[in-house]
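Quick heads-up: structures coming right below.
Each of the next two complexes has chain A plus one other chain: chain B in the first, chain C in the second.
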Partner chain A sequence: MKRTIPFTLFLYGLLLVLSGWYVVPFCWALVTSVKHPGMVFDGRWLPYTRAKSLDVGGRMVEAQVLQELGDSLVVTLGGMPGQRVVPRAALESVSPAWHNYTDAWRIVPFGKYFLNSALVSLCITLGQLITCSLGGYAFSRLQFPGRDAVFLLYLATLMIPGPILTVPIYMLLRQYHLLNTYQGVILPGLFSAYGTFLLKQFFQTIPKDLEDAARIDGAGVVSLYFRIILPLSGPALAALATFVFIGSWNDFFWPSIVLTDPGMLTLPVGLAHFNDIYMFEYGRLMAGCMISIAPAVLMYMVFQRFVTRGVVMTGLKG
Partner chain B sequence: MPARIIGTLIGALVLTAALFFYLLGDDPSQFVNFSTWGTATEIASFQRLIDHYNATRSPRHRVRLSHGEQIQYTERLIVQAAAGNLPDVMHLDRKDLPLFVSRGMCEDLTPYMERDSSFHITDYLPALLPGCKVGTQFYAVPHNFSTLVLYYNKSHFDAEGIAYPDSTWTWDDLLRAARRLTRRDAQGTIARYGCMMTLAVQTLIAQNDGRVLNATLDSCIVASPGAAGAVQFIVDLSEKYGVSWSMLSQNIQWDDMFAGGRLSMIANGRWAAPWYMRTMQPGSIDAAPLPRGKLRRGGAVNHIMAVASQSTKKDEAWQFVKYLVSEEGQRMLNDDGANIPALRSLVYSDAFLRHHTTPTMNNSVFLEELPHSVVWPFEQGIYVTHFVLQTQLELAIRRVLLGQMTAMQSLRIMQDNVNGVIQSHRTAPDAVPFFGSVLSYVCGACAAGLFLFLVRRRGVRLPGRG
Partner chain C sequence: MITRTTRHALIGYAFLLPNVLGLILFTLGPIVFSFVLSFFDWNLFAGPVFVDMANYRAMFAPVSRFWYYLGNSFFFLLTVPVQMGIALLVAYLLDKNLRGTLVFKVLFFIPVVLSVIPIAMIWGYILDTQNGLLNGILGTFGIARIAWLFDPAWIRIGVSLMAVWQGSAFGSIIYYAALQGIPAHLYEVATLDGAGEARRFWSITVPLLGPTHFFLGITGAIGALQMFAPIYTMTHGMPGGAHNLLIEIYMKGYQEFHMGYAAALSWVLFLTIFLLSTMYWKNLRSHAENA
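Moving on to the complex of A and B:
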């Protein structure tokens, strides 16, 4: 069907509005990360700062803002009677609070948390690439009794909500003394029905003729996996790696359950340290969020086409 | 298969195994494990204290810090108890103590106190001691606390010519001041709010002679005229008088609004004081008692230290608890000024009254409020958590804000809901998880055996090979 110009404009407009739904909160977080305390909810997008004193006839006088009136401020000046109305520009200026980033870095040991997150995410990503590709290979290429039934059972585990498994996995880890260890975070993440399904679907698209040719040359099951299947599955492996890396990098729940040593926390769990239940330091918190999501955003930007392809291949979102 | 691939595979396996064992944690049983929550600053303070303690004690007394995220802290300890994995020393909120004791999670510390001549429970503020007891026995030692007070912007009061709040203030006084302090711009939009009292709802209920739970904490009795009056007053502040903003907005921006001069009075705890002092104009902020109601009541959060009954190092744990609540320990942990130490000798000295984070603030008001305070946010008992109570109270207020029903009708719904939760917890048997049980292993072994049997019988074959 040929699209008309108005329809195309409408479509683009709709997509623009929908993308704004996601982009605006991110922009708010970005701007808030450089806002000064007390000015976070001033209703403006730019990061303003307010001076504590005002130049009155060449003398700096302490100024206390009593009320905001559009472009003006009602102030009292130290040692002077009454109230005055001064333009906002006299006291306020745009000045990003970059110190939120340095404060965030100083308060929370981001370097350590970065390394912890990187270790956990890389191990889970590599592990899933190995286990899922082996599983996908077996389910797509090998013939053995009950293969499809086992695959369906494995796939059915996707229907089990994660929180239900929390206590049993926790108890298992305790039995094996894996609580408060990196292994305790990594091991449950090494196996994924979703990843196995994704790779199985991809492996099925590889022509069998290639395998037959290799088999004539004497290749066995393992050799076929290493020499034929894996080299031809780069895009699928990259898509899975991106999904898994972003997922494990952002994972909060499981690390927060397993890890208790403050020196072993991952970034999302460490970020929670900014918060008190009844006190939020928004500027620093958002600065910390920006620091923590940077690797995941970078990963997504680099491997964006693989992520898109992964979604297209499976019809599932990571 | 070429030797190169096999070599690579074996190498990768060896490296993985080496990494696995290298990363394996220390045996937790060789430490006294101490569990707490808190912000990064608080955790750093605890870590400094522990480092100092470890450096001056023998290896068997070595302590390891275990951190839990604050919102799920109670639930986490309950899960750990179910798994037999409780830390030796637990930093608790007093509201959780009855629940933990009823589950057998806490060691009775009374015998330890009686035989340890270097420890005197009378050194601590008397108002904090009931929070450490269940029945007649001590299951914890007081560590620190915080009381709710009324913070106010002195410049706003000066500009309007209003006298500062004091201990004689009633809620009517607060309302009168808030109406004068609220300012609107030319379009009629509120440019400065008079007050924000969200955190004081529970206290207001208590001041109105209302209760959320009964004295034995096993029944919700919130649908009373006193509680309904308190809820109606909080709703009226925004909906009728326009001096506060609606609780429907569900935001937690009030601290920033107060610091930015867009709010004149706010009810908050000690934890906010250092941040306000740091952020606002020096000398422009002070604290006063919460206004009086029918009864004089305040709200207090008490933090206590307990020893786990599951601990295998109880004596060592007790020694560490003593250090945590000692003068040296309390000085180290209260350096940030966000809490108030429980030790009398410390709290009535300049170490707190002239605390370096709040030197110009009336710090004594936090102490004056303590004897009249009830547990904040809720005294929860053993059948219902404070999150259930908090959620139900917020929903009750929302129904009134939306004009769906009167305060009394809304609180009746809350009462029924909470009593439903209590009833379900009283009658429900403890769940036994399947995964990890012996039965799960038997089922797993049967399934694996069946699978192997089928594989051996039919054999694995490649497609096209027959």
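Moving on to the complex of A and C:
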């Protein structure tokens, strides 16, 4: 279908407006992350630094800024009476405060938090792949009494929102001394009615003939699972893994309740603590944000197609 | 001797065992337990005390702010249509396959992999009263500073802005995938009949996306009713006017350790969301049956 030029321009205009809506907050945070502590709130799109002394006729004189007036600064100069107005450019120059990043890295043990998050997310992802594929296989391929009743019960639990169950699970973990342990974060995440349902649906699309052929070769129920079902379910398992990993990597509510030891926090929880303690030090905070989202952004850039396909296939939010 | 059927049944149960254990320990058990717990007063330091309906009475007592919190939970439902609108617009534009679409796609879809915490921190800074970017931009139009995250009248809108920013990415991906399923010949026929771009959009695209609207609407609503991290992070745990039911559960349960009261609140939130989900599954079933 051909498009008129004004219409194409109109579409580009809309795209640009939307890009602004997505990009501006991000760029603003990026600029802020390299702003010097005293200059964070200057509202400019470049990171400036302000010199402590001013060159007056070849002599460096200590300068104290009293007031900011648009492009000018009102200053008093050391050893000289009165105030004078100088252009901003005389005292200020563009220079990124890279030290915000090293400060943030020093205050927040990001390396440790990355590892903690990776450990928790990998365990949950692996665990769900195992439990969901086992369950999906049982529901789609095996015959035994009570199967459909259990499946209906399973479907019903899909409607139960996660955070509602936290109070009893918290007390259960407390009873078994699992609070403030990784097991406490991981265990409740190992099972998913949704993942089981998803894999069951996928397994049902695998032709039965393949299994019949393998069965003639003497394969039992267990080896069919390993030799036929799992190898043929690559895309579905990958989609589920992507979805579960992103969800548990970003999860906040549950780890923030279970984990209290500062050294054991996951990345989002550690970052939230940093945010609460260094409340208005936006330079460092934004540097911390950038560090924390860098891996996700990089992974996304590399696996963009893969991630979007996973989101569409699983079609559910964390 | 074990017969073939029994052996098969045993294998079947073995395959299902981990799931059933998980189901009992972390779903069914907790539901029953939280129901029982909601009739007790239990602060974790002393043993549980049976209090009958006291937790529920306290919840609905005139001094209780329960209705206010519930109202706030529902307020965030307003983010759902907004983010769906933005998502549909994004998907529609991407589907036009203009030059450079790939770059825009990466850009628009990226928030879906990002954690809520850094996003909420960035938005907290943008919405800062004195020095925030948004007040700066509004200031150039002569609009007075708004205390986005402190003024009770604005705080819910401040939080919603961030929720929409992040939430629309998910919708964009889903809408984009759904748009590609609409057969091109429908548009061609409509064009031959003289339908313009706007007419094609409203008469073909929007109605054919029916199931997708519904899916995003319900999942969005369930998510919005349980909003937690954005509120908690942007307000540093002092939610003020954005205090919703889940925040209240968190405060009562994990800050003040009134586990019984928190369980009672959970049940009310559970029933609310359950009603919504039932609607969703019912509708999904009827869609599947009609198809």
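By our rule, the second predicted complex is superposed on the first by the 259 of 318 C-alpha atoms of A that agree within 3 Å, B and C clash if a C-alpha of one lies under 4 Å from a C-alpha of the other, contacts with A are read in each partner's own complex, and residues count from 1 in each chain.
Following the convention adopted for this analysis, a residue touches a chain if its C-beta (ideal position, glycine included) is under 8 Å from a C-beta of that chain, and two chains touch if they have at least 3 such contacts.
Computed from a predicted structure; not experimentally measured.
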Of the partners chain B and chain C, which touch A:Leu14 in the superposed model: first, second, both, neither? second
In the overlaid three-chain picture, which partner chain does A:Tyr282 touch, first (chain B) or second (chain C), both, or neither? both
Check whether A:Pro231 is in contact with chain B, with chain C, with both or with neither, and answer first, second, both or neither. neither
For A:Val150 in the superposed arrangement: first (chain B), second (chain C), both or neither? both
With both complexes superposed on chain A, which partner does A:Leu172 reach: first (chain B), second (chain C), both or neither? both
Superposition-derived comparison: chain B or chain C, residues of chain A touched: C
On the A-aligned overlay, A:Gly58 touches which partner chain: chain B = first, chain C = second, or both, or neither? neither
Please work out whether A:Tyr182 is in contact with chain B alone, chain C alone, both, or neither, and reply first, second, both or neither. first
According to the stated criteria, A:Pro81 is in contact with first (chain B), second (chain C), both, or neither; which is it? neither
Applying the document's definition of touch, where does A:Ala272 land relative to chain B and chain C: first, second, both, or neither? both
Considering only the contact definition stated at the top, list the common interface residues of chain A for chain B and chain C. 40-41, 142-145, 150, 165-172, 174, 221-222, 257, 269, 272, 275-276, 279, 282
Interface residues, chain C side, partner chain A - complex: 8-9, 11-13, 15-16, 18-23, 25-31, 33-34, 37, 44, 86, 89-90, 93, 96, 98, 104-118, 121-126, 128, 130-131, 133, 136, 165, 170, 173-174, 176-177, 187-188, 191, 197, 215, 219, 222-223, 225-226, 228-229, 232-233, 236-237, 246, 249-250, 253-254, 259, 262-263, 266-267, 269-270, 273-274, 277-278, 281
So in the complex, the part of chain B that touches chain A is made up of which residues? 1-2, 5, 19-20, 23-25, 27-28, 35, 38-41, 43, 47, 64-72, 76, 79, 82-85, 87, 155-156, 158-159, 183, 185-186, 191-192, 199, 252-253, 255-257, 259-262, 268-269, 271-272, 275, 278-281, 284, 433-436, 440, 451, 454-455, 457-465
Note which residues of chain A are touching chain C in the complex, please. 1, 3, 7-8, 11-12, 14-15, 18-19, 21-26, 28-29, 32, 40-41, 43, 130-132, 134-135, 137-139, 142-145, 147, 150, 153-155, 157-172, 174, 187-188, 190-191, 193, 196, 221-222, 225, 246, 249-250, 252-253, 257, 267-269, 271-272, 275-276, 279, 282, 285-286, 288-289, 292-293, 296-297, 299-301, 304, 307-308, 311-312, 315-317
Under the stated contact criterion, what part of chain A meets chain B in this complex? 37-42, 52, 62, 64-70, 76, 83, 107-108, 123, 141-146, 150, 165-172, 174-175, 177, 179-183, 208, 212, 215, 220-223, 226, 256-257, 260-262, 265, 269-270, 272-282
